[in-house]
Amino acid sequence: MPASAFGEHLQPFSGITSFMRCPATRDPAGADVVIVGVPYDSATSYRSGARFGPRAIRSASAMIWGYHNLHRLRPLDVLRVVDYGDVEVVPPSVTDTFRNTEAEVLAILETGATVLALGGDHSISLPLLRAHAKRFGPLSVVHFDSHPDTWDSEYPGQPYSHGTIYRRAIEEGLIRPEAYIQIGLRGSTGGPDDWDWARQRGVRVITMDEAAALGVPALIAAIRETASGPVFVTFDIDVADPAYAPGTGTPEVGGFTSHQLLQLVRGLKGLNLVGFDLVEVNPQYDHGDITALLAANIAFEFVALRALR
Amino acid sequence: MPASAFGEHLQPFSGITSFMRCPATRDPAGADVVIVGVPYDSATSYRSGARFGPRAIRSASAMIWGYHNLHRLRPLDVLRVVDYGDVEVVPPSVTDTFRNTEAEVLAILETGATVLALGGDHSISLPLLRAHAKRFGPLSVVHFDSHPDTWDSEYPGQPYSHGTIYRRAIEEGLIRPEAYIQIGLRGSTGGPDDWDWARQRGVRVITMDEAAALGVPALIAAIRETASGPVFVTFDIDVADPAYAPGTGTPEVGGFTSHQLLQLVRGLKGLNLVGFDLVEVNPQYDHGDITALLAANIAFEFVALRALR
Amino acid sequence: MPASAFGEHLQPFSGITSFMRCPATRDPAGADVVIVGVPYDSATSYRSGARFGPRAIRSASAMIWGYHNLHRLRPLDVLRVVDYGDVEVVPPSVTDTFRNTEAEVLAILETGATVLALGGDHSISLPLLRAHAKRFGPLSVVHFDSHPDTWDSEYPGQPYSHGTIYRRAIEEGLIRPEAYIQIGLRGSTGGPDDWDWARQRGVRVITMDEAAALGVPALIAAIRETASGPVFVTFDIDVADPAYAPGTGTPEVGGFTSHQLLQLVRGLKGLNLVGFDLVEVNPQYDHGDITALLAANIAFEFVALRALR
Amino acid sequence: MPASAFGEHLQPFSGITSFMRCPATRDPAGADVVIVGVPYDSATSYRSGARFGPRAIRSASAMIWGYHNLHRLRPLDVLRVVDYGDVEVVPPSVTDTFRNTEAEVLAILETGATVLALGGDHSISLPLLRAHAKRFGPLSVVHFDSHPDTWDSEYPGQPYSHGTIYRRAIEEGLIRPEAYIQIGLRGSTGGPDDWDWARQRGVRVITMDEAAALGVPALIAAIRETASGPVFVTFDIDVADPAYAPGTGTPEVGGFTSHQLLQLVRGLKGLNLVGFDLVEVNPQYDHGDITALLAANIAFEFVALRALR
Amino acid sequence: MPASAFGEHLQPFSGITSFMRCPATRDPAGADVVIVGVPYDSATSYRSGARFGPRAIRSASAMIWGYHNLHRLRPLDVLRVVDYGDVEVVPPSVTDTFRNTEAEVLAILETGATVLALGGDHSISLPLLRAHAKRFGPLSVVHFDSHPDTWDSEYPGQPYSHGTIYRRAIEEGLIRPEAYIQIGLRGSTGGPDDWDWARQRGVRVITMDEAAALGVPALIAAIRETASGPVFVTFDIDVADPAYAPGTGTPEVGGFTSHQLLQLVRGLKGLNLVGFDLVEVNPQYDHGDITALLAANIAFEFVALRALR
Amino acid sequence: MPASAFGEHLQPFSGITSFMRCPATRDPAGADVVIVGVPYDSATSYRSGARFGPRAIRSASAMIWGYHNLHRLRPLDVLRVVDYGDVEVVPPSVTDTFRNTEAEVLAILETGATVLALGGDHSISLPLLRAHAKRFGPLSVVHFDSHPDTWDSEYPGQPYSHGTIYRRAIEEGLIRPEAYIQIGLRGSTGGPDDWDWARQRGVRVITMDEAAALGVPALIAAIRETASGPVFVTFDIDVADPAYAPGTGTPEVGGFTSHQLLQLVRGLKGLNLVGFDLVEVNPQYDHGDITALLAANIAFEFVALRALR
């Protein structure tokens, strides 16, 4: 009999699907990296379904064999990674969801582990940033996305939704704006303010058109110039073109290829990466699992970056 | 040129998709029936996506030619039906959504029109019942569903979700329990209380197994014995077997056929029907639009019943 | 924090998907029921993909709340059920797969636990029957299927495939033919022998046409007349009509409804049930997960039957 | 090497997909039955795509093993069946399509072979009826459908579409109305005339509600009372409920199960069946190929009926 | 209550789906741009279904927020845009369809509005060009496509189909060949003449291989050199690679990315653009709505270009 | 009537689907190229279903019109191409499958024809290489793939699976390592040895990252430097990015575009190409047939290359 029910010695179609077949446990003690699902999707402005993102990414992660050929290491040999399962989200209440998420994540961080959170829609970044800022102080952020998520409000009187949380994070002092970079913005917006609000606060905003003109090496240089101190990485899968990531809630045409994104993420090597989220994978709109597979590979890259730290 | 952009004189693949090609207007004045979408799905306990239910039902409704062969009338000749579009839901906040829904629906009811609401998940019944009870007093309810929706709470401290709202409605006095009938319950539950809570309050609860043993005519008789006074009809599409309605959030195997459901709904003829909702159509999980088509036909039956009133 | 990473106190969209959120462990000691996936699909004669059956059933099982309303008990309160994960199958070699499956299952049976196996194609019954016969002696079998699976050979010189294994089992003396009943056969066949071979050996064969004429109560009576001693139940999901179970390898039109099948399985109450398999769920051809959901419910019925034993 | 490239000695996933692996030939000489695809779908009033119906039915037919257990014969042993491929349809022109179809089919009929035509939308019945009436005189027709297809016109000035061709056939004298039976009509219609026009001309019209009340044996009796002389059978797959046949252009909820339809078709045994069509299979809206598989089985039943003649 | 049933102040999942939530009206008086659906798909040579193109594009257009970040304007603030719904197409008759389309479009053009037509297959360009040439004289055309659409005939004796209409347009003198540019041709063809016929008449033909070698800026320069006078833009979505636009009738591998196409279309700024069509979106073959979303964005770019005029 | 049932004079939606409508025959005598399906998928390590690859490619090939615009010839005018159908695979036995495949293919090669094999998973290369090496001696190989397929074993004691066969081929002396080039390797692996084993034996291994840096012309040069003597081309469709080829068993993100792949394959012009396979097309995971269409076009390029030889 192989070692565990997660099938780490079996072919990828076998076994109960924890992330990369890591042990499933609610106890983060002794772990270097804790995978945490945050299956909340009530704050999306278009297609709901990202609550099944963690399940889809876990399933796709079975195909990752584990050795990283560029970094030349096997992260799971270097780190103890466990899969916590999911935090207790409350779909009808964004505030209850944020409270639970922040509390559960903070408890994990306090053990010294790094959290890799799998969304869920992008609103989940806010409780993650709150927890990380409590532990690490105001954060540098590297933000891959087709949207800035710095709207003031999507609904009258409602401060929280997947398009507002990075404004909230800046307002709450969770982020150091001058150490915050957004990459990949595109599409039509509500007005000129959508992209300018962050710029006016010192955030480095690189639109998709600018990114395409710059090319990958220059983008990596820009990231490395901006990021400093404890860095949180937030990766909205809709930064990829819909051809590469159809399974998402608010796709925007004209985006990055998967090859470009892998290169960009590998370019984070050496930064002081203290936290990660990977959001907006919506398997209802995926096909052939290609979005989940891209997400699983990005998550693997994150684990590898952490192993290099 | 045909009369309107909704294509009422064109083939069903043509035109902008209002419900049955009725005029789209925010002004219910003079209307007998107002179609109201309530695209809220943050209170579902499993598969989100019912926010696209109204859009899918409107699209499928284009295939309904309009003459009812059993009742021998064309409802749209007898009634003025308009499509209001959707109320302003607030996905991250069930309370904001309920407040808006109740207010918008009550304003329509006050014009004397009947509302046919298209969900959205089943939680939307609560603001609908609040609005209808304000206008008509405590209601008799005919409830088609595979679940009782009378749980106390699905999340600690959170009173509202798609599985609790009929308990809330009874607690709030919106429903007359002795004039309330539930049909189609099945599947495993959290405990014996799930089906018994309502029974203990005098609600007539007919499980799927009981319904299958009784047969359609006896079920219609049971409905007619129970319903009295102003009757609200709530139709959760998951009362149909998943073979007939795969496109829903919490499907339960072992349910009704579409033919049985059409017969049951036609059996409501002559009751004092004052309100309708049709909920839990989730097109992300549909195929070949069969769920949306069943829903559109049930909605058409509702309009026809109203025309007979 | 809830008790485990499998999310047993969370909503069904949450948690790592073990079967009904049971503990995942390779160690069956102390368990009453052990869920065992056998993700082998190289012996199917048409559509491959059943290797993902166990994963799909586990995922769908999250929607089962756990209380059985007919039997009035919560099986997981009565039994200790664990999820073993999957046995080590070898897709290019049916003999290696059978050897591994028999050995792993026998090791579990020897702890005294009951195995509920999730396929995989129907060929996996053979190693299961071998293991069970070693422990319990020749078996009585209740076999739900649209095919008899008693062909001599589907490929020249190749004794094993999903259409031959019940002939092999009889030839090997694993089954007591007079205590063996097949229900639901239909469709065109290779010749008259397909259905007659088993009949000639004393097996009770009830075709779908006969079953439809008899009705459910008479079918249950026939099962109970035939089954005796230690009974193994094998359930090929293609016994359901493709409308109810599209996600399978060799669908046959004109089959049972899901309601009929639930009733039939519940009719096994009180038999000396010593083993179960549920095979041929092929999620690649499913939609809206309806096949997986039916399978998960049948598996739940099996657990409940075992709880009643 | 097996005998042909169509794989008649191989498993059903193998081989080039002619209908039931019959020889593909443009030369009908010596054939008893000729399979003829008519991939025309420009006359449908809702969802186009039935042009791929013949291809889908051919592919699904590979799963039919060939021995008919009720009739106890293997039709392909009794009859020489060949697959002609498709007639030359002209999508932008219904008149060119009808002219070509009639001519090609008539040429086949003149060899003495029976044609089994695979649509395509239901409009293709008109050229088929023209060709058959030329050879056999006015026809008795058994018509399975959810729609009567006796509208006067769906487009101003346009006599031909999939909803008008049975009115045209009666007007042209191709059908003997008193020997014409329609079974399965349902859904809303344009007006009372939709179902009454044929009735007023002596056609026996049995709606779905009437059919459900009568039951299968009485329906078979009604068919056998009505049909006489040379009989043409036309089978619109939308006579099945959308749960059983989602892959069709104008699905109507509340229809037959696949088991009922197989029984009905088998009830045609012994009639003087001179022609068959099977129409409106639209694989774009199918899932798990269940519609194509039902159609392939109905086509097999037709071949078996012809073998019994 | 928000202003209209189209939900312009609501989230994108809300409201009846007119194009970009513009008013739906049959009366173009006073409009600057009129959206016109032409849901005709009977002239396609492969996969039908483009009749649902207008519906899919309207639905996807709800996600467009409306401010154009490159042009720095909100087109709907500058222009009055209305959605006319669909013209009356006649699927069985290309000639009736062309007659109706030309007449309805010409009536709109005569009010002074610009038409943005949504197909439908590419054959609809011919009646559009006829109408525009009547108003504007012979046209300059910018044609994005993987096919030249200049075949002589796809069916014996049939002049009109989606592969012939640009030959017809040249023959009819609707286009000024020297002011006509085709971009993106690729794939195998019927012969060398497919690409040469237009070249021989002075059309500038840039194949995909040539386009890839030239790059976007040079392509824009080529367009601007060729186009002059009143320019009609025709955009066949199959110019995009199938990875970016799977939902189309005759996909050709090896095409443009969505980012390239957005850049190309923006390069039309400043031309005298008098008409637009966007054709061959076939949602039956789409997934995750990515094709519809790309089309909606291209349509938005067209509206923005018109706003800049 | 057109010439054959395969519809070579009809539109691409018509006819029985042999490859490019070539004659279907088991007799290769006189053929220049023989299309051979090898529908075996039991050796895949993740998603089964490639057994339907040949069927999907044949169906998609109907859209290829036949004239090659770069090479300026119509291959089917120059070569006699026939479609053999499929070899007799034995899903439960890799050894039986290999024996049959080698024997059937060798018999074809002995007639002097070139074989173009359509998989099936990549394991089928081994019997193909055995047959070709028997006829042509040790081979030069051009191998497009995201995986090296040079693992030692994927299952204890089992030498054959889709990830091991190129190690076996080298071990058996079927390939000249110094004339063997692999292009496109990427993704995580089991360890450093996965990519190094072949390199250590003199194989030229170009990873995807290296390929992206080199660009297409340099890659073509590298191929032409390496290949010599009789060349076998093996094309695993997963060399394409999943955006371009989702329908495959083990997709790897970050791959080639379809345009790059067409250019690379055209770059083989002039080599002494003696055999071809195209593997791992798995239509169950495809959408809009884009993977099958890409494969059909690559197969067409192979036929064109052979025509140029």
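To keep things simple, chains are lettered A, B, C, D, E and F as they appear, and every chain counts its residues starting from 1.
In this text, a residue touches a chain if its C-beta (ideal position, glycine included) is under 8 Å from a C-beta of that chain, and two chains touch if they have at least 3 such contacts.
Computed from a prediction, not measured in an experiment: that's the story for all the values here.
*Asks:* Trace the shortest sequence of touching chains from chain C to chain E and report its length in steps.
*Replies:* Contact-graph shortest path, chain C to chain E, evaluates to 2.
*Asks:* If every chain is reduced to the average of its C-alpha atoms, which one ends up farthest from chain B?
*Replies:* In terms of C-alpha centroids, the chain at the greatest distance from chain B is F.
*Asks:* Could you tell me the distance, in whole angstrom, between the mean C-alpha positions of chain A and chain F?
*Replies:* Centre-to-centre distance between chain A and chain F: 37 Å.
*Asks:* Counting in whole Å, what is the centre-to-centre distance of chain B and chain F, each centre being its mean C-alpha position?
*Replies:* Taking the mean C-alpha position of each chain, the two centres sit 54 Å apart.
*Asks:* Of all residues in chain E, which are in touch with two or more distinct other chains?
*Replies:* Chain E, residues with two or more chain partners: 11, 13, 45, 47, 51-52, 88, 91, 155, 241, 243, 285, 287.
*Asks:* With chains as vertices joined when they touch, what's the shape: line, ring, star, complete or other?
*Replies:* Contact map by chain: other.
*Asks:* Of all possible chain pairs, which ones touch?
*Replies:* A-B, A-C, A-E, A-F, B-C, B-D, B-E, C-D, C-F, D-E, D-F, E-F
*Asks:* With touch defined as at the start, can you tell me which chain E residues reach chain B in the complex?
*Replies:* That would be residues 1-7, 9-11, 13-18, 24-26, 37, 39, 51-52, 55, 58-59, 83-86, 88-89, 91, 104, 107 of chain E.
*Asks:* For the complex, which residues does chain D have touching chain E?
*Replies:* Touching chain E from chain D are residues 41-45, 47-49, 51-52, 88, 90-94, 96, 123, 155, 157-158, 160-161, 284-285.
*Asks:* Applying the document's contact rule, which stretches of chain E touch chain F when the two form their complex?
*Replies:* 45-47, 154-155, 187-192, 194-195, 207-209, 212, 241-243, 246-247, 250-251, 253-255, 285-287
*Asks:* Under the definition above, what is the set of chain E residues touching chain A in their complex?
*Replies:* It is residues 11-13, 63-70, 72, 74, 241, 243-244, 257-259, 262, 287-290, 293-294, 297, 300 of chain E that touch chain A.
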